[in-house]
Amino acid sequence: MSKVTTLEEAAASVPDGATVAIGGLSMNSAPMALVRELARQQKKDLELVAIVAGMAVDWLVAGGCVRRVLSGLVSFEGLGLAPNFRAAVQSGRVAIEEYSEHLLICRLQAQSHNLPFMPTRAGLGTDVLGLHAASGAVREEKDGPTGEHYVACTRLPVDVALVHAHEADERGTTRVNPKLVWMDNEIVNAAARTVASVERVVDTEAFTSQPERTTYPRFMIDAVAPAPRGSYPCSCFPDYGHDSGFFTAYSQAARDPETFRRFFHEQVVGPDTWDDFLAANDVSTGAPA
Amino acid sequence: MSKVTTLEEAAASVPDGATVAIGGLSMNSAPMALVRELARQQKKDLELVAIVAGMAVDWLVAGGCVRRVLSGLVSFEGLGLAPNFRAAVQSGRVAIEEYSEHLLICRLQAQSHNLPFMPTRAGLGTDVLGLHAASGAVREEKDGPTGEHYVACTRLPVDVALVHAHEADERGTTRVNPKLVWMDNEIVNAAARTVASVERVVDTEAFTSQPERTTYPRFMIDAVAPAPRGSYPCSCFPDYGHDSGFFTAYSQAARDPETFRRFFHEQVVGPDTWDDFLAANDVSTGAPA
Amino acid sequence: MSTPVPGYDCTIDELMAVTFSRAMSNDTRAFNGAVSFIPVCGYLLARRTHAPELVWAASSIAVDADPEEIGDSTLSDSLWGRASMLSNSPFDFWSYAQGARYNTFAFRGAQMDACGNVNNTVIGPYESPKVRLPGGGGMADLGAMIPRIYLWSSTHDPRTFVERLDFRSGMGWGDGGDHRERMGMPGGPRLCITNLCVFDFEPASKRMRLASLHPGVTADQVQEATGFEIAMPDGDVPITARPTAEELHILRTEVDPTSARRREF
Amino acid sequence: MSTPVPGYDCTIDELMAVTFSRAMSNDTRAFNGAVSFIPVCGYLLARRTHAPELVWAASSIAVDADPEEIGDSTLSDSLWGRASMLSNSPFDFWSYAQGARYNTFAFRGAQMDACGNVNNTVIGPYESPKVRLPGGGGMADLGAMIPRIYLWSSTHDPRTFVERLDFRSGMGWGDGGDHRERMGMPGGPRLCITNLCVFDFEPASKRMRLASLHPGVTADQVQEATGFEIAMPDGDVPITARPTAEELHILRTEVDPTSARRREF
């Protein structure tokens, strides 16, 4: 009955064409070990839901796994644009469905709350809404009694959510410690299945002794894949920070297609295991400082 | 600049006629010390918002402070009906505006999110919705594109929220420890002002050393009133449980008007200070077990 | 307080708790409200017998709670012992409820009608009630949201089981037939477990139908104690199954050693 | 990387941070997004000088953070030192934002127009962009929700300050005039602080108006560097006020000892 599995098996459970929501925020707490494994397994035609993302989207785009990205923002912050994402969108190779953070969150909430829509003021007055006029995925409305403008955000079905956390037990009870979920709870609540990579698998007693620190109840987590430093090169507060050096080297390599091909193979998808990947990037898997 | 005040001054800041939201859930974490002080000060015409409540509402009704109650449920659970609430509603002396938990929560969310309404499926098919047909406070709607039924819950303005917590500092940073808010965050978010009674006032360092445990940021708390065992006879997990004996004695007394008048004076509003009240009820204010 | 069940080595509260337990399964994901001693016993017992994976959140807060005993409030923290999680996000909770991540809830009403709707708001006219009851609490919410609804009552009499509710606080099968489906509501009431019998619901009309009689109770007695006409199954009505010695032992010694379940009787 | 300001004992990044700081007050309740070094310096400096009660939530998470230094990401945990709260409820956050509990936010866009609207989505046509930018992130949300909006730019040139955005990612004063009011949006942009000048907004048209010129910069230079016609105030345009020695000392030694603010230049 254990939900503990391997990164390889967890990634294998994601079918081509799936809608995959990716946790974390920007350079924080992204499920990079799971994402790397999706790229290694050469998934095809994935539709990514990534509220505020960066390297995870870029790896999957570089790996040729992505059909469409639903996002509020994809960047490396001050370290630059996400190069493969940028190029793929500019060339039309990858489609983008444009949102803001809260429009996307509200679509996820409509899904998790099983409601026809969630209202927000997000997006009013911007060009984002016009992009959705045909599909009606988000639509501007006027409240009858008050005449107030709002945006109705319709359901967004998600096949799989991928999140990274500190600890889980065999039953799937999961802890981000301290409990800072960014917006990961929104994707977990909306997704049909959730896979969590974790820094370490612990005994259930670790949860029953501090139950107020538990982040996800076991019935919300379908599979647990151990991955020490599983957010690298992103951060996993407070265990480790993001590695600016990796971001910079990656961006540098991306200036030349051949250089990038080599870098992406040697430093990202080439290494057989997550441990090999960390070794290739000179990262210790020892206890967090 | 300190936000620390007394129960007396905190209660004095609540004007007659105010809409007052009362925290806690049933026999848990109700702000009883603040409520007692409102009754002592003989507030008039209060409109109470009490999602799932009991003794707090009954004290204020017994004290003649209440014009109207907006609630999902008022009871002493298995220990009986809330006797003064029951009698006052039956006689028409106190008006009730009938909700369910989630209808009331969604009205509070519409208020806190500054939206014309929040949608829910709560209440569909029940007689609760019909009671609001005239006011439109909550109204059944049908979503255009999907034809799905939902209930639109309009804003509920709240003048003051009263909540009980474990610890606060002078600046108003407040901790429920462990962080179990029941639905208190909904009333705090919706209210124009929030008064927190606390088991103890602590240094800011108590928060900066464990910032992930903070429950309310200082800008959401307007006044802090120290009140050790301030939820008595309700519980404040894990410091103390509810006192079933008080509930039973109170209900017993309420069977006879004269007996109740004496009980209510001697055991509830008569004692001058909160410490006197606790002493009158044989409650120790010592350190929690 | 604890009527013996003729021929069974148990009392009626025990028969009801065991019957409730047996209706649960490994994919039950439940939570409970106030004054819910029979369901709480049922969830705990099911988890210790045939449904080890069953999820139960004590008072909707404490997931996997395994309390040493059950106190005088099923909403209180005394139920939370050994939980794997104390939930602190009402927002996540309502997402779990509306999205059927929690799939099971149990009600009892001061009044219940043939279609399993419940009243806990008023006895008598709403505007000038004879008795003002606590109010529906989460009934109006969860009745519309949760697919597997269970009803129970320790007072099977015509004042409780009525032809017409004075107020519909919570939705069961509504007006019957396809009412829930038309409203977009998932599932509906499955069983009503009383001190006399077990009802299920007739598939087309969605009215209460006698599913089993507790030992020593006749169908006529049930009809007499019920304010609406009960539907009868094809063929004989079975006797409610006998609790095993193991179930009773676990219920009495591990789940509820202080007999809190009798508070409902 | 750090142009000296003629006649002032500071560089342009320092002048901008101090100018931003002075626009803040004791009732400022702010949070910040990505690549927001100037605003982060401004909040921290204001709190250490004239606005001790100012609320700032580092990366919208860490309330009252007081970091030892500012790292290479204004969204990262390196900013969270000595916070009084690490917020963990996105739901509460959006309630604070929509309800103006947080009242202050600062944007910079790859493009900005005369009414303070911003573009961070694409350069060129949306369907076949010349440059795909990161996307608006929270711009479309916060532009509509937050009453006190501040804009800044370290690249005051005609490519940044344009007559017409290629895409409106975030709402400033919209089409100008009463557009925000008609949409039910609170407040609007107050200032735009650039490496050449400070703009405020002309009250009726809601177009950028020269509020002050940094030392050594002329109004003509600003107009040349701006792709739309700038509004001029009545009377002379003042020079942007000189930072005090105390402000500069605190900025350089306490707020931002590693000069992270220069990452934007």
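Letters A, B, C and D name the chains as they come in the text, with residue numbers starting at 1 for each one.
Just so we're on the same page, a residue touches a chain if its C-beta (ideal position, glycine included) is under 8 Å from a C-beta of that chain, and two chains touch if they have at least 3 such contacts.
It should be emphasised that the depicted structure is a prediction, and the values quoted were computed from it without experimental measurement.
Chemist: Among the remaining chains, which ones contact both chain B and chain D?
Modeler: Both-contact set = A, C.
Chemist: Among the other chains, which touch chain A and chain B together?
Modeler: The common neighbours are C, D.
Chemist: Please work out which of B-C and A-C is bridged by more C-beta pairs in contact, and write that pair.
Modeler: When the contacts at B-C and A-C are counted, B-C has more.
Chemist: Averaging only over C-alpha atoms, locate the centres of chain C and chain D and give their separation in whole Å.
Modeler: 57
Chemist: Just how far, in Å, is the C-alpha centre of chain D from the one of chain A?
Modeler: 28
Chemist: Measuring centre to centre with CA averages, how many angstrom lie between chain A and chain C?
Modeler: 40
Chemist: Residues of chain D that touch two or more other chains: which are they?
Modeler: As it turns out, chain D has residues touching two or more other chains at 80, 86, 88-89, 94, 98, 145.
Chemist: Which positions in chain B touch two or more other chains at once?
Modeler: Residues 113-115, 120-121, 148, 178-180, 185, 212 of chain B touch two or more partner chains.
Chemist: Please classify the inter-chain touch graph. Allowed labels: line, ring, star, complete, other.
Modeler: Here the contact pattern is complete, since every chain touches every other one.
Chemist: Would you pull the chain C residues touching chain D in the complex into a rising list?
Modeler: Against chain D, the touching part of chain C is residues 89, 91.
Chemist: Which of the residues in chain A come into contact with chain C in the complex?
Modeler: Residues 1, 109, 111-115, 169, 171, 173, 185, 189, 204, 207-208, 211-212, 214, 217-220.
Chemist: In their shared complex, at which residues does chain A touch chain D?
Modeler: It is residues 25-28, 52, 71-75, 77-79, 81-82, 85-86, 89-90, 92, 96, 98, 100-103, 105, 120-128, 131, 148-149, 178-183, 185-186, 235, 237-238, 241-242, 244 of chain A that touch chain D.
Chemist: So in the complex, the part of chain D that touches chain B is made up of which residues?
Modeler: Per the touch definition, chain D meets chain B at residues 29, 53, 55, 57, 62-64, 80, 82-89, 92, 94-96, 98-101, 145.
Chemist: Tell me, which parts of chain A touch chain B in their complex?
Modeler: Residue positions touching the partner: 113-121, 136, 143, 145-146, 148, 150, 154, 178-180, 212-213.
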